[in-house]
Amino acid sequence: MAAEFDIVIRSGRVVTSGDQFVADIGIKDGVVAAIGSGITSGKQDIDASGRLVLPGGVDNHVHIEQISASGLLNADDWESATRAAAFGGNTTVIAFAAQHAGMNLCKVVDDYHALARKGAVIDYSFHLIIADPNSQTLGHDLPALLDRGYQSVKLFTTYDKLKIDDESFLDILQITGTRGGLVSVHAENHGMIKWRTKSLVASGHTAPLAHAMAHPREAEIDAIDRVIRMAALTGQPIMIFHVSTAEGAEIVRQARSRGQSVHAETCPHYLLLTEAAMDRPMPEGAMWMCSPPLRRESDGEALWAALAGGVLQMVSSDHAPYAYDSSGKLRAGPMPRFDQIPGGLPGIGLRLPLMFDEMVRRGLPLEKFVEWTSAAPAKLYGLYPRKGSIVVGADADIAIWNPKARRRVGHDIILDRTGYSPYQDRILNGWPETVLLRGEVIVRQGSVTGQQGSGQFLVQDRCGSGLRDHRAVV
Amino acid sequence: MAAEFDIVIRSGRVVTSGDQFVADIGIKDGVVAAIGSGITSGKQDIDASGRLVLPGGVDNHVHIEQISASGLLNADDWESATRAAAFGGNTTVIAFAAQHAGMNLCKVVDDYHALARKGAVIDYSFHLIIADPNSQTLGHDLPALLDRGYQSVKLFTTYDKLKIDDESFLDILQITGTRGGLVSVHAENHGMIKWRTKSLVASGHTAPLAHAMAHPREAEIDAIDRVIRMAALTGQPIMIFHVSTAEGAEIVRQARSRGQSVHAETCPHYLLLTEAAMDRPMPEGAMWMCSPPLRRESDGEALWAALAGGVLQMVSSDHAPYAYDSSGKLRAGPMPRFDQIPGGLPGIGLRLPLMFDEMVRRGLPLEKFVEWTSAAPAKLYGLYPRKGSIVVGADADIAIWNPKARRRVGHDIILDRTGYSPYQDRILNGWPETVLLRGEVIVRQGSVTGQQGSGQFLVQDRCGSGLRDHRAVV
Amino acid sequence: MAAEFDIVIRSGRVVTSGDQFVADIGIKDGVVAAIGSGITSGKQDIDASGRLVLPGGVDNHVHIEQISASGLLNADDWESATRAAAFGGNTTVIAFAAQHAGMNLCKVVDDYHALARKGAVIDYSFHLIIADPNSQTLGHDLPALLDRGYQSVKLFTTYDKLKIDDESFLDILQITGTRGGLVSVHAENHGMIKWRTKSLVASGHTAPLAHAMAHPREAEIDAIDRVIRMAALTGQPIMIFHVSTAEGAEIVRQARSRGQSVHAETCPHYLLLTEAAMDRPMPEGAMWMCSPPLRRESDGEALWAALAGGVLQMVSSDHAPYAYDSSGKLRAGPMPRFDQIPGGLPGIGLRLPLMFDEMVRRGLPLEKFVEWTSAAPAKLYGLYPRKGSIVVGADADIAIWNPKARRRVGHDIILDRTGYSPYQDRILNGWPETVLLRGEVIVRQGSVTGQQGSGQFLVQDRCGSGLRDHRAVV
Amino acid sequence: MAAEFDIVIRSGRVVTSGDQFVADIGIKDGVVAAIGSGITSGKQDIDASGRLVLPGGVDNHVHIEQISASGLLNADDWESATRAAAFGGNTTVIAFAAQHAGMNLCKVVDDYHALARKGAVIDYSFHLIIADPNSQTLGHDLPALLDRGYQSVKLFTTYDKLKIDDESFLDILQITGTRGGLVSVHAENHGMIKWRTKSLVASGHTAPLAHAMAHPREAEIDAIDRVIRMAALTGQPIMIFHVSTAEGAEIVRQARSRGQSVHAETCPHYLLLTEAAMDRPMPEGAMWMCSPPLRRESDGEALWAALAGGVLQMVSSDHAPYAYDSSGKLRAGPMPRFDQIPGGLPGIGLRLPLMFDEMVRRGLPLEKFVEWTSAAPAKLYGLYPRKGSIVVGADADIAIWNPKARRRVGHDIILDRTGYSPYQDRILNGWPETVLLRGEVIVRQGSVTGQQGSGQFLVQDRCGSGLRDHRAVV
């Protein structure tokens, strides 16, 4: 072997979505050049004995520097969000380029590119949010962007200014799918939420816990059902974001067992927390408000089973950061009504440690940890084999975990700018001590060394991926 | 890297159950020593450019030199069976050590060892068939063998001389499972088969096609259901052999979704053939008789869906070779009654080419081909990571496939001794041109070079495997 | 017994939803006064030996003299529709009082009352169609009408001028249910239909058969699912009109098995015809166009099973009569595009004979015929025990059937004004030769003797009915 | 009407399985001669104003004077059992004629006839228990008895001396079904029970509560599944006795929805009690031991839902009376091991009052009370229309209930000879104060006036019944 590796990660236990073995990894020019035993030293050697050597995490659902229809901005910018991501073992994020009414979609993409280019510490790609499906958007901009490698579209079935009616939804599914793209959906029934919110407010239920009642499980179940049927009608694939209910997962399962190309994810908070977290003295519960809301313990167990059975394929953070102050959660005042509180939890930094800790506790194999948090999103969104595994030729995006590290959730390990964590004081076993992005060490000994602006944009190439949509049930 | 590989397989597209990438593979001392790009030459270089480099197949269900309760012997001995297996891309088989009434189980194991040691061209392990669950067997021999690394037991719910009653079945599940072993089952309801056979013979239905009616789908469905419930009662894992019906697969799915440790396989003939094959002028249809019998096209599709959804985890051959002459299928005469014909299809040699061809046709990923035919059986039966993947440290069991090779099923590619193939004249795309066992080339250019007796016995170590039983639903 | 019956129906086989027996029926003052054997003669005796004596049919879903949003009028007026109904064995219909945008709901009810009062030959009640859910309608008129005994509301999820958005739908469910009323629904997804219609027209598919594609089964499935979930959210009962798909029925079944108060009906055309009927030289197929459209044979079988299993409780005609001329089906010209053809089949007259004939052919009990076509709708809509059975105290609404009569469908037995029948030339076994309404003979020997205007309005009293909503699963 | 009724029951609220109305009932020569309002007085008038007039109960599953394989005799003889039945509102029972190994089936029938003829206070019929399926039994006696109107056979899948193997079970299903008969089954897996019992005893779990563990729910689920599949294989109907688990009911539901002729019942104790009742100081819990055992509260709720959905069609007592002394429950001594205690609960007397009380509490309609406890068993077992309803021509078997009566369960209202009640001290609302058998008052003001030996044997005529097997799903 022509040797002279830039870096050699030595003697670690390598884990991919399919295998687990002890080996050395030789990195050259930012990619994995060799995996072997006893390979020659590189310019730099990293001793990984007793450590796990995993692909860097791919977080396929994060909101960064995204402006809401009502002008609210996330607490994080690209620099803070991706620093937090890197610190937690990630090397890739897929964020949003969000159109609002009246905006030109191509211009939207350019604007978000500028923000990411300036701040990103790790690599990134975009989902295109369409909120104004006019003829310019659907007839011109969307097809053009799909052809240029923006192969992911996100739609909403709820929120006054974001929801897409069924007829337009079908149009977008058709346009996107026939060009190799994928539509991902926030699926909740808008009318049900409005009706419940109206009733709750009218009857004086205004505390944060009312948020769970205002977003009834029927709203998610109905919308998941409908978007899957719309996808079936068009014959195109679909991805369901943040499944939170047992019934939602069951609908996904049934569609997949019919051979339909339906994908789905959930998030750590639906696996680890319950709506009881919102039941605190007002307005503290606001810190646990997100949409869909936290559910019951039995839903969490059903989601674990759905992951295990392949019904859900991945776990994203849905990082949606709002500070617990007047810039975010409390923008409507110190004692806001539940429907005036921005929904969203911070999560980009702890997604991997939380999942690692809990999966080990449950006796789930590490291969599945890699699959759910890195390999599967990379494959679905057209980033594999560059991202998502440790194989010869892949980007050397690697997180070296110490399975025996033990951290308590607190401000020292949370780098995002929300100022709080829904998991405060939880003890986590396992931590990604060292992280490499394309062969560069970006986290070393708990310190982020990666530079803002060093992240690269990733063109999506779903047709070249190992897991194409038309192979949905696999 | 310290180089000096014994063999380098160069520039092939490596496929494992999780990944796919182009690389060179360096082999030393029979194991995979390095995977990289541009690694130094070995003592021998094999050019695999334009080829697929896959783990050797692991066929976990084959009958070799096995004597039936009625004294019938398979057409194959260890040499002929494993030569055929190697030629078809396999490097490991798991065969049977079959007890009959009155036999000492330890002695049975010794006897089968002697046969395999003499003939095996590839590596092997055993399932212990228990047909005499007396106190010596259950109280002494079985526990002792389990502790010595024979971690797989096979039971029957049918056949007069093999079937185990429910109470003994529960005893064996308990003894086996608590020692880390696994019970695999041939699941068909005995009474239903006897009743139907009696009725059919009485009404003059004696042609081979009557075999399908004599083994009604209800018989399989009932027995699968019952053995899964018995496993639930004991809290131990179970493996269902050769699932042939849609309903059978659905029962497995439901059990797995409840979190029960249930595994299942099917075979190529249930995926590719139907009972219509038996409907030929008597007695030709005998060549397609096996138990459970071939079913309907809709069952085949349901089984493909069950594989895709992870309900079935692997595809074995259930190689049960009987010649189409008076030594086998026609032992009761030239025009036998269906219930006098030995059941069983030859399949050890074509399992992999048949699956490769069909999976490519269906657009299924090669990673799944590796998983279903090599990685999953190796993991379930405790042979991984030595077998089942191409990773540093694993046995260099490798099949180099030419995806563009095109073969017609005929005597030149069937090496077993049955003298016929159920797939005669089928065109197959893709062929394993070169096969290595622990770094030795045992098939080269369509010629088996491996020597009889060179296969090694494999001790099972299910607790060390990547996919342990208690992780069933994964 | 105080005897002196006005009429005695003698020696017939009486059939109710629960029993079957031979007896005489004594009628006095319009009600059933006695059931016995050998009761004394009345002023008039009707010999029913060899005949079946059944409760008059209750058709709970008919469109009569109803003006569509686009100004289209049904082919029938109250006189012609109810004469046809009586001739076919019915004594009660529930028609519609249909609001359109801008109309005052109370005024709508008054207007429809005037039409019915003038023309009705048999008894009747109304469903209130709400298309303008403004504050006057929901806050004042609807509650007032519910309290006055108009306990049935009908809503649409489709049609541009009729569809109710989810939030208003929930409001109406709540208002209606809490006052003891019931919401019935035409459930199809509007966006799916519009999208498909747009695609079909764009690609030149304009023949009647395209109507089946323009109303995909997913549209019905989705809407049934959603309205049932909305009903669950409010805790109020719901009735699904004209279920046409196997999946739709399955959704109803699941809801009922969860204990939800969900009711459902189907119609003879979904049980007896298929979409193939529309595949005729244009525009003849228009005669079979209705919404939801005719489906597949397998759907019909699933609907029969759903009736048998109690998932569907009744069979209405959904009589929606449009003549096959420029006043109706061909109003857009002699060769209309499928989406310009009014949907609807005539059916008020043949509902009972068609069901009787087919149920006898299938070996289904006559008790079920009575239940599905008379007892169940009478109970659900608050007309029982006055209507729906033959018991002491009930209105003497009786149809005397000759089970051996044999009629061919043709103009002599169709009395509605559409001028055609979707069942032309079908042979029907069994016919209601004599019909009594409140003890008056209104059909005698195939001749309608009832007078227009003699029908009475029926106030609904769902709380007094034998089958109340909160007993849904029964 | 020719009047001169023997008895007139005046002004009661008559309830049948289909209707509910206020009327007078005129009885003559033991049958219902007229139902009307204001009918002339009979020789005797019974004022039923404010009372419910219901068909007498039909208890289709009672053990009376039956000798077990081990020689144990029930606590009740025909006189005591049927007096208790009458007192509780019943007019018909179906008991067992039980063959044991070596017995001639025709002789068995004669013997049980003699006992019933002597003691029965109410009418009766038999199920034939077959335990020795030899050629005399199956080839001669069973066909002969079926042809003579013994149309019901009962089989066991468990108990050492009663269980029938699958092949014989299929033979009996075929013989019985093709002659119009029906096989009813006690369905529990024998091996599972033996294995669990062995384990429990070995580990020192010998208290009554261990009985619930020794009869695991899997044993019932497995056996119900298997017998339904065997019935499917033969194309013959089947009846599942005493379904006790949610899963068992679900299996029945699925079979029925496939159109299979499967019937099923449950008993009051599975609806009203749970296994917790057995958890008392030894050996008191023995009083609640029966097979299948009492289950969980969630099972009870599932069984109520299954009744409501028509999955289960009737509720029998499974009266199996053993005194709580050395003649019965304690025959093995004062502190018996759980597997030495005879299983069975007394229930013939309180079945109707318990069901009435609970159904009213749950808001279930009285029509369903009549259907589940009288009409449905009469129809299934070929006793309708003579039994099971109040219609002209039927036997005047009538129970007049006071819905406002309030009784506490205690020795004054229990007339069987077990000496205890599993429902001791429960308050019951509603009581059958007066009972008539074929027009004779057999219970008056809480006193049984019927004479032993006055009950009549009922020939079964399933083909003439209103609900024949081939109409299973109805």
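When the chains are written out, they are named A, B, C and D in that same order, and each has its own residue count from 1.
As a convention for this text, contacts are C-beta pairs under 8 Å (C-beta built on N, C-alpha and C of every residue); 3 or more make two chains touch, one makes a residue touch a chain.
In this text the structure is predicted, and so the values were computed from the model without any measurement.
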CA centroid of subunit A to CA centroid of subunit C, Å: 51
Whole-Å gap between the CA centroids of subunit B and subunit C: 59
Between subunit A and subunit B, centroid-to-centroid distance (C-alpha), Å: 40
Sites on subunit D at which at least two other chains make contact: none
Topology of the chain contact graph, where touching chains are joined (line, ring, star, complete, other): ring
Interchain contacts, given as pairs of chains that touch: A-B, A-C, B-D, C-D
Subunit A-facing residues of subunit C, complex: 165-167, 169-171, 189-192, 194-196, 198, 216, 218, 221-222, 225-226, 229-230, 232-233
Subunit C - residues contacting subunit D, complex: 1-3, 14, 16-23, 26, 33-40, 253, 256-257, 259, 305, 308-310, 363-365, 367-368, 371, 375, 385, 389, 391-394, 466-467, 470-471, 473-474
